[in-house]
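Take this structure, written in C-alpha cells, and hold onto it; I'll ask about it next.
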C-alpha cells in the first residue's frame, strides 16, 4: 500500500470551467479518505486526477512519494471502482477479474488461484461463469470490487460505489466496505455525495465545494467543530439550524442578541479582538433543542410539520427568529405535540456554534 | 386491437403492399414468356417459365458480372472497414488536435458529387493502366466507401460507454489492446452493419462502373443489365430476370440486417 | 489564472496523439489520394482547354472560358432547370410521403421487422434496377401504366416520347425508391420523442391535430432537416435513374446537369469543359447545403455531428 499526495492540484477544463482549485491533500498509507460534497464540487475530478484519467492544469500527484504526473493511468498501479461498475459485458465474471492480472503477465495458475480467493472472499464464487448482464446490481458491485482487489494495487479509488444500490442494500454494503478496508489495510480514496457514507466510512473526510476543500478532518471533528457554515450545514442530518443575530461584548462576556430570542450570555471563550458588534449566524443542531411550554425556553413557535421517523421525530416550527425557514427540532418519538400547536423551545447553549455572518467562518471557542 | 390500432395497421399494411407491388410485378414479369410480356396484364399470372433466367446465364454469361460485382464490392468493403474502423476509433475516442479538422475533411469529401471526380479519376486510372481492372474500380469506390465507414463506425464507437475504456486503462491495458479486446468485440453488430451497408452501396454503384470499365469481361451487374442489347427489340424478359438476380443478394442482406441498418443510419442522423 | 491554459502534454498523452494520427492516416491518406487529388485536378482542369478529340490543341490555360461557355450554353441552362424541377418535386413528395409513412408505421407495434424490411427494400435495390422496372411498367403501348389508364378510361401519353410526360415515371421511380427511406429516418425521429409529452398534452386538453402541430413537427425538425438535406443533395446530383430510364430524352428534355456533364466528358471527351461543369455541380450543391442549414436551423445539423 502507498500514501497518496496532492500538491496544489488545479484543473481548468478547455471551456474555462475551473473544476478543481489548488487542492492539497495527504492520504496516509492504509487510510480511507472520503471526498464528499454536492455535485459540481470537484470531488470526482480529483479522483480522476489521481487515477490519471484527467491531467491537472497545475500541481502534482504523488503516489508513494513519487510524482506520477507524467505516468499514464495504465502504469500508476491503482485500482478504480466506477459508479457504473464498468464491467466488461462480453466477458464472464471470471474473465473480468482476470483481465488486469493477465495484463500484468501473472502466471495463469496464479491468476486462477487469486481469482478464486477473491471471489470466495466476496461471496461471488457461484457467479464466476456468468456474464454481467445476468447479475443483480449488488452482485455487479461486488464483481467491480473484486476486479480491483484481485490486482493488489497500491491504492483503491472508489467513485460513488454505493449510489446505484437501493437504500437497504446500501447500508449493508457500507458496513462490508468498512470491514474490507480494515481487513486489507488498504489505502482508499472514496468519493460520495452522501454525508452519512462519509461520516461512517472515512478515517478522515474532506468536504469539498466549488473545487476547493472546505475542511479536512476526522468525521467527528467535522461534526463538532465545523470550520464554516457550509461544512456545518452539510454534515449531520437533519441539517443544522442557522439563526441570524448580533454578537457584542459586555465586559468579560459576550452576548448574542436575536429578535424574539431570549438568550443568556454565552460563556466567554470567544477570543479578544472580536471587537465591535458584528452580525453572526447562530448554529444549533436539531437535537440540541428541546420543546417546552410557550413562555419557558428561548422562544416560541407554531408547529407546522411533524415527521415521525420511528426512533425519533422531527418537528418543524415556524418562528420569528427564522423568518423564511422552519426551525427543525428533533424530539423523542412519543412527545405529545400536534400541528398548529404553539410551543416553546429551549436551546442548549453549551452546544451552539457561532459563525461570522459575512465570511461564514466559525468563531473559535464556540462549539458544541 | 383497438380501433385506432386497427386503422393504423390497415394503413401501414396498404402502404407496404403498394410499396412492394413493383417488386412483385418485376418478379412475375421475369417469369412470363416473352410473347406475353406486353399482352393484357393480369395481376396473377397464368403461366410461369424460366426461359429468361436460362438465357441470362447460358447465353449472356451473367455469371461474369456477378463475379465482378462480388469481387469489387467485397474488396472495397474489406479495405474500407479495416482502414475506416481504426480511423473511426481515433476520431471517436482518442484525444488529439486533429479530431475536428479530420471529421470536417471526411464530411466535405463525402459531399462532393461523384460526377466531379470522374474525369480526373479516368485520366489517373488510364495513366496507371488500371482501367477495366478490379483495382481500377476498388480505388474509386473507396472515395465514397471510406467516409461512409468512418462516419458510421465513429457513431457506433461513441455509443459504447466511455468508462469501459477507462476501466481497461486502470487495469493496465494500452490503447491498442483496449481497441482489440474490448471495443472490437463489443462493436461487432455495428461493424457488421457497416460492412453490409458498404457492400450494398458498392453493389448498387453505377456511374463509376460505367465510366471505368471498358468491356463485358469487367462489367458489374448494374452496368451489364443496362447494356443488354437485343437483336430486334429490347430484351425485357432477360433484363427483368437480371434485375431480379441483382436484387436477391440485396434483399437477403436487408432481411438479415434491417434492425442494424436502421440503427446505424439513424443514430448519427437523428438526435431527438 | 488565464481562462484557457493549455497544460504541457505528458509523454503518454503525446504518445496517444501520435497513435491517433497513425490510426487515422491510412484512411485519410487513401481519401486524399482518391478524392482530394482528383478534386484538385478537376479545379485545375476546369481552367484549361483539354479536348481528347483534338489533342493538337494542347492544354492551354483559358481561365474562366469554360465557365462562360457553360453559362452561354442553352443545353446547360436547360439542364439546370430540369434538375431544379426534378429536385423540388421529388423531395417534396418524398418528405410528405415519408412523414405519412412514419406516422402510420409508428402506430404499428407488431411485425416491426417485416415492416422495416419492406420499407428498406426499395432503397436497397440498385437504382439501375429501379429505373429499368419502372421503364418497363411505363413502356408504350401496352405497359402496365397504359393498361391501368385504359381501365380508368383515360388516354395515356406515349410516356418516353413526350418531353413533359417522361418526367412522370422518372419522378415516380425516385420517389418510390426513397420515400420509405425518408420514412424510416422520420420514424426514428418520431420514436425518440418522449411519449410523456403527448400524455401531458392530452391531459392539458390537446387533440391529435394540435399535438401533431405543437409537439411532433417541432421536435421532428432535426430529422426533417437531415432528410431534406440528404435528399436534396442527392436530387441535385441525380444521374443513374435518368441515364438508364430515358437517357436524358426524348432528345435532351429530361437531361439533368450530371448527365450533361457526363456526356461532355465521356462522349465528347471535353475534359476541360466537363471539369468546369463538375465544379459548378459541386458549387451548387455546396451553396444549397449552406443556405439550407442557415435558413432552417444550423443547430439541428450540428447536433448530428457530436
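The letters A, B and C name the chains in turn, as written, and every chain counts its residues from 1.
We take it that a residue touches a chain if its C-beta (ideal position, glycine included) is under 8 Å from a C-beta of that chain, and two chains touch if they have at least 3 such contacts.
No experiment lies behind these values; they were computed from the predicted model shown.
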item: Chain pair showing more contacts of the two, B-C and A-C; value: B-C
item: Most distant chain from chain B, judged by the mean position of its C-alpha atoms; value: A
item: Distance between chain centroids, defined by C-alpha means - chain A, chain C (Å); value: 57
item: Inter-centroid spacing, chain C versus chain B (mean Cα positions, whole Å); value: 16
item: Sites on chain C at which at least two other chains make contact; value: 13
item: Numbers and ranges of chain A residues touching at least 2 other chains; value: 72
item: Interfacial residue positions of chain A with respect to chain B in the complex; value: 51-53, 72-75, 78-80, 82, 84, 86-90, 99-100, 103-104, 147, 151
item: Residues of chain C touching chain B in the complex; value: 13, 16-17, 19-21, 23-24, 26-28, 30-31, 34-39, 41-42, 45, 100-101, 104-110, 113, 115-122, 124-129, 132-134, 136-137, 139, 141-144, 147, 176, 180, 184-185, 188-189, 192-193, 219, 222-223, 226, 233, 236-237, 239-240, 243-244, 258, 261-262, 265-266, 271, 274-275, 278-279, 281-282, 285-286, 289, 303-306
item: Contacting residues of chain B [partner chain A, same complex]; value: 161, 163-164, 166-174, 177, 182, 185-186
item: Of chain C, residues touching chain A in the complex; value: 1, 3-5, 7, 9-13
item: Chain C contact footprint on chain B (complex, rising order); value: 4-5, 7-9, 11-12, 15-16, 19-20, 22-23, 25-26, 29, 38-41, 83-84, 86-87, 89-91, 94-99, 102-103, 105-107, 109, 111-124, 139-140, 142-143, 146-147, 150, 175-176, 200, 203-204, 206-207, 210-211, 221-223, 225-226, 236, 239-240, 243, 246-247, 250-251, 253-255, 258-259, 261-262, 265-266, 268-272
